[in-house]
C-alpha cells in the first residue's frame, strides 16, 4: 500500500511525458537544430536501438586517394549521442593508407587495434610530436591541433577514435585547400604554395 | 494537417518574439526540447509568476515505503528555471523517514530546516562521509556521488536542497534495481545480490 | 580469494593518494588560487566536516543600515564547495529590513522560510518583475540581473538562497557607488545622480 | 578514380543536408529560441553575408541624455554570431559623452580607436579601477562587474568592445532604476536614494 | 624549512615556463591540484611519450570476484589527458565476467572488440535499456546513469570505453555499499536490503 | 552607527585577503599553470594597470614573409585576461600583406579599422566563405575553422580581432608544415604536396 502511493506519484509525472526533462536527447533530424545540437526525439519513441550504433562492424572501402576509410559516428550519423558530448570514429587503413592532416574542435584519443601506424600532432610552436604506435597503444591529440596517422606496416591497420563533442568537426587540410571553392590565388597567398602545385592538387581532387 | 498545426504554432510564436535575445528562457513544455533544455516561452507572455514556484508551501504525503516526500522543482515542474542552471527540492521526512540512496548529474547542497538527520555520501574509494546535522546545518554532496539522508529524530524533519542544473536527474538506486524492467538475473550478476533478495524487493516495489 | 585480487588492485592505486584525481576539491586557502578556484586540500586530510557548514545555525546582527544580515557561504567561507559550482546564503531581515539592489555572476534561487517579503529583479528592458512571497515560496533571479528583497511583514523574515557558482560574487549597487573609492564626479556622470545625493550617501556609508 | 570514390562518400552525406551537424548555427529569428540561443537557419540558405556585419561602418546619433551611441552587435542583430560565444559593440561618444554604469553577464574588452576616455570598473570590495586610455589602449572589464566609460577629450571618441557571449546582456543601472516600472519606493529602499532624486530622474527618463 | 622547499620547487618551474600558454597541460602529479585538474608539467620537459599510453597493450588478471579487469586510463594514470576532457578504459571479461553496475560523472561510449556482451543502462524512470552487442557495436551510456556490461559469450570478451572527462569517476554500486565504511544499518535503511544480505556481501568484499 | 556595524562585517572578511575569492584572476606567470590558465596574482598587488594593455598603440614591423604583424594579446602577454575567457589581437598589413591560413580553438570576430581586405574561412564541407570588407565591417570566423585575411588595397590595412578564450591558440598552417620539425615525408604523405614544394617552403622558412 505504501509503495502504491509511491507509484501513483511517479505515474502522474510520467503521464505528462512531453513534460519530462530527459536524461538523454536522442536527436530528431527532422526538427530545426539549435546551437547545442539537434532537438530531442520524443522520449516515448526512444528504444535501446537509439543508443546503439552498428555501423562499425565492418570497415568501408579504402580505394580512394588516401587509401583509408574514416567512418565518423558523429551526432548526424548516430543521433543517440546528441547532447552527450562525445562521439567516435572507425579508421581503416589499407597498406600505405593515411588519415590526412586535419583538425577537430575538440580533443581526440585513438586506440590502435590492428597494424602499426605513425601518429602525430603539431603544436602552436610548430613542434611535431609523432611516434610509431603498436597494437593497444593510445595517443591523445589535443583540442584543435593539426594531426595525422600513417599506416607504416605491411598489413592493413585499424584504429578507433573518440572525441569529446557530439559534433567535433573534421577539417582535412588538403581537402579544404584543394577540393572546394577557395580560389587558387587565395591558397597560394595564404599558404605560400606554388601555383602549379595548387593546380595539380585541385586536379587530383577532381576539382578541375 | 498535424504538420500544419505544428507550423502554425511556430509561426505565431515567431512573429512576436523574433528580435529579442532574452535574459531568461522560461520553458515552453509544448515545443520540442533540445540538449540544453526546453524551448523558450514567448517573452511577451512571461509574467512574474513564471519566476515564482509555490509548490513548496506545504509538504506532501509521506505514507510511502520510504516515509518521505521528495518534491522536486526541476525545470519540468518549474519552467522558469529552464536554462538557468539551478533547481531545488523540498524533502519531508516522517519519523524514520529516509531519502534513499541516489545520485544526480550535478552537485547538491542541503539545508536542514526542522528535525535531526544523518546525511552522507560515498566517494569513489568507497569512503562514506556522513554525520548528524542540526537545524541550520548545510551539507554538500559532490557531483554524481551516491548520497542519502535519514531522519534519526523523534519528529518529522524538513530540508531544502538545491542543485546546479535545471535538470539534474534523480536516480534512486533501489528503484532502479527493483522497480523497473531490469531483469532479476542482471541485478544479481551486476550487483551480486541474492535471487531471493531481488525478488523480495521487486515485490515490495509492486513489480511482481 | 578472488576478491583479494580485486582489493590489491585498488590498494595500489590508493597508496599513491597524492596522485588520485578526486571527486571533490576542498579548497586550501593557503595555496595560490587559479581561475577555477582554490587549489585542493590534500585528500588525505579531508574529513566529513569539510563538507558541512554550520555557520547558518543562527542569524547575525541586523543593526546596520539595511537592517539585514547576509551570511554568504561562498567558497572562501565554505571551502568544501570549491570547484563544485554551487553556494548558499542565509538572509536575515529585521522588521523593515532590505537586501539592497545587487547582482551576481550567476543565477540565484531563494526560498522564504519565515515572514513576508517582496522580491524582484529587473531585466535588460528595464522591466521589473516583483511580487510578495509567502513562507515556502521560491523565486529565481536570472543570471547577472539586478535584484532585491524587502521585508514587508511585521516580523523578522528569514530566507535561504543558492547560487550556481562556488564564487558568484555579490555586488551591491549602492555600496559600489558610495562606499568605495569611485570619485563622486564619476558617479554623477555615469548614473546621473545629483552631487548632493552622492555626497549624502557617501556620508551615510562612512565614506567622508 | 580513387578520388571519385572519395567524393561519392562525401556527396551522399551532403545530400542529406538537413542531417548535417554544422560548424555554425546562423540564428533563424523566426523559430523558437532555446536556452543556448536561436535555432539554426537552414545551412543550405547560409551565405557569406550571414557572417559579415556592416552596421558599424558609421556611428549613430549621439543626441541623447548620455551623448553616446552604443550599437550592439549581439545575436539578435547579427545572427551569424549565434551559438559562437562572442559579440561586439561600437561605442560613439560625443564630446562629454558617457557610456553609463552598466553590467553584462560576461567579460568585455574595449579598444579605443579615437579620442581620450576614462574607463573603469568596480569590484565586489567596492574598489574602483579606472584610468585614462589613449588611442590603441585596451581594457578588460571582468564578468558581471559594474563598469563605465567617459569621454574626457575635446573631440568625439570611438571605441569597439567585444564580449564572450553571443548574448551578454546590457543592463544600465540608471535605466533599470528610473526608466522602467520599478516603483519609486522600491528604488528608494533598495538603493537608499532620496525620493526627490528618484522622481527627478524618472522625469529625465520620460517615465512621468 | 618545509615552506622553503615548497617555494624552491615553485620557483624552478616558473623560471622555465612562464611565458608559454600551452596547447596542452600534461599533469604534474607532484604539484597541488585545482578544481580543473592537475597543474601542468613544465612544457620544456614534455615529450611525445607524455601523449602516448601503452598500458592497454595487454589485459590484466581477471581472477577476481567479477571476473573482469577494468584498466582505467584517467588523468592520474595518463597525465597527458589532463585538462583535455577525455579519458579511456580497457575492459577485459573472462567467461562469465561482469563490469558491475556503476556510474560516472560523464557520458561513456563503448566499442566491443572481442566476444559477445549484454550492455545496458537504467534511466531516471527506472527503464532499463539493454541489448546484446556484437563485435564492432557501439553503445552510449548517458551521463550519470547506472550501467553495466556482462559477458554472455563462451569466450573472453574485450571492449574499450571512452568518457568525456579526464576524471569521470567510477563508482561501483556494490563496492560503495559493501566494500567501504558505510555502516550496514545505513545500507539497509537507504537501499532496503536485508541485514543478512548486507553482511553476506560485506564478507564477500573482505570487509568483515 | 548602523553603517559602522556594516563596515565591521566587511572589514573582517577583507582582512583575510588571501581567502577572498576574487572577481578576477590576474595571471601570475611565476607560478605553475593549471588546465584553466595561470594561477592568480595576489589580489593585494593588483592595480588598474593589470587590466590595461598598451601594446596595441603602434603596429609592429611588417617586413616578414607575410608582410604582416600579428600582435596577440593572449593571457601570456596580457595576464589581466587570465580566466576571463576573452583575448584580442592587432593585425597590421603592409600593402599586399596577408594573415596566412590558420586556426584557433575558439571563435574570432574581426573589425576592419583601415584599408580593404578579403577575409574568409572554409567550413568542413570545403566551402569557402570570403568577401571584401570595407572599413567598419565585421566578420566572424567560427570556432576551429581555417581562415585568412589578405590586404587587397593600395595602402596598409589595420584590423582588430577578439577571440573567446584567454588562450585560443594560433596555428598557422604553413608554419606548422614547413617551419618546424615535421619530416618532409610526413608532410608529403598527409597533405599530398610534392617533395620539391615542401623543400622549397622549408627553405623559405629558414628550416634548411
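When the chains are written out, they are named A, B, C, D, E and F in that same order, and each has its own residue count from 1.
Here, a residue touches a chain if its C-beta (ideal position, glycine included) is under 8 Å from a C-beta of that chain, and two chains touch if they have at least 3 such contacts.
Since the structure is predicted, the reported quantities are computational estimates derived from the model, not experimental observations.
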Steps needed, at fewest, to go from chain C to chain F via touching chains:
1
Since chain A and chain D are copies that touch, just let me know if over half of their interface numbering is common to both, same, or not, different.
different
Suppose chain centres are the mean of their C-alpha atoms. Which chain sits farthest from chain F?
B
Farthest-lying chain, centroid of Cα atoms versus that of chain C:
A
I'd like to verify one number: the distance from the centre of chain A to the centre of chain B, where each centre is the average of its C-alpha atoms, in whole angstrom.
34
So, in whole Å, the Cα centroid of chain D is separated from that of chain E by 43
Can you work out the whole-Å distance between the CA centroids of chain A and chain E?
23
Sequence positions of chain A contacting 2 or more other chains
20, 22-23, 34-38, 65, 84, 120, 123-125, 130, 143-145, 169, 204
Chain contact graph, described as a line, ring, star, complete graph or other shape
other
For this entry, which pairs of chains touch?
A-B, A-D, A-E, A-F, B-C, B-D, B-E, C-D, C-E, C-F, D-F, E-F
Chain D contact footprint on chain F (complex, rising order)
10, 14, 20, 22-24, 47-49, 51-54, 56-58, 73, 78, 80-81, 84-88, 106-109, 111, 113, 120-121, 123-125, 129-131, 133-145, 160, 162-164
Would you pull the chain B residues touching chain D in the complex into a rising list?
10-11, 13-15, 17-23, 25, 28, 31, 34-40, 82-84
Listed in rising order, the residues of chain A that touch chain F in the complex are 65, 98-101, 103-105, 118, 120, 122-128, 130, 143-146, 148, 150, 169-171, 173-183, 186, 189-194, 197, 200-201, 204
In the complex, go through chain D and note every residue touching chain B.
29-37, 74-76, 166-167, 169
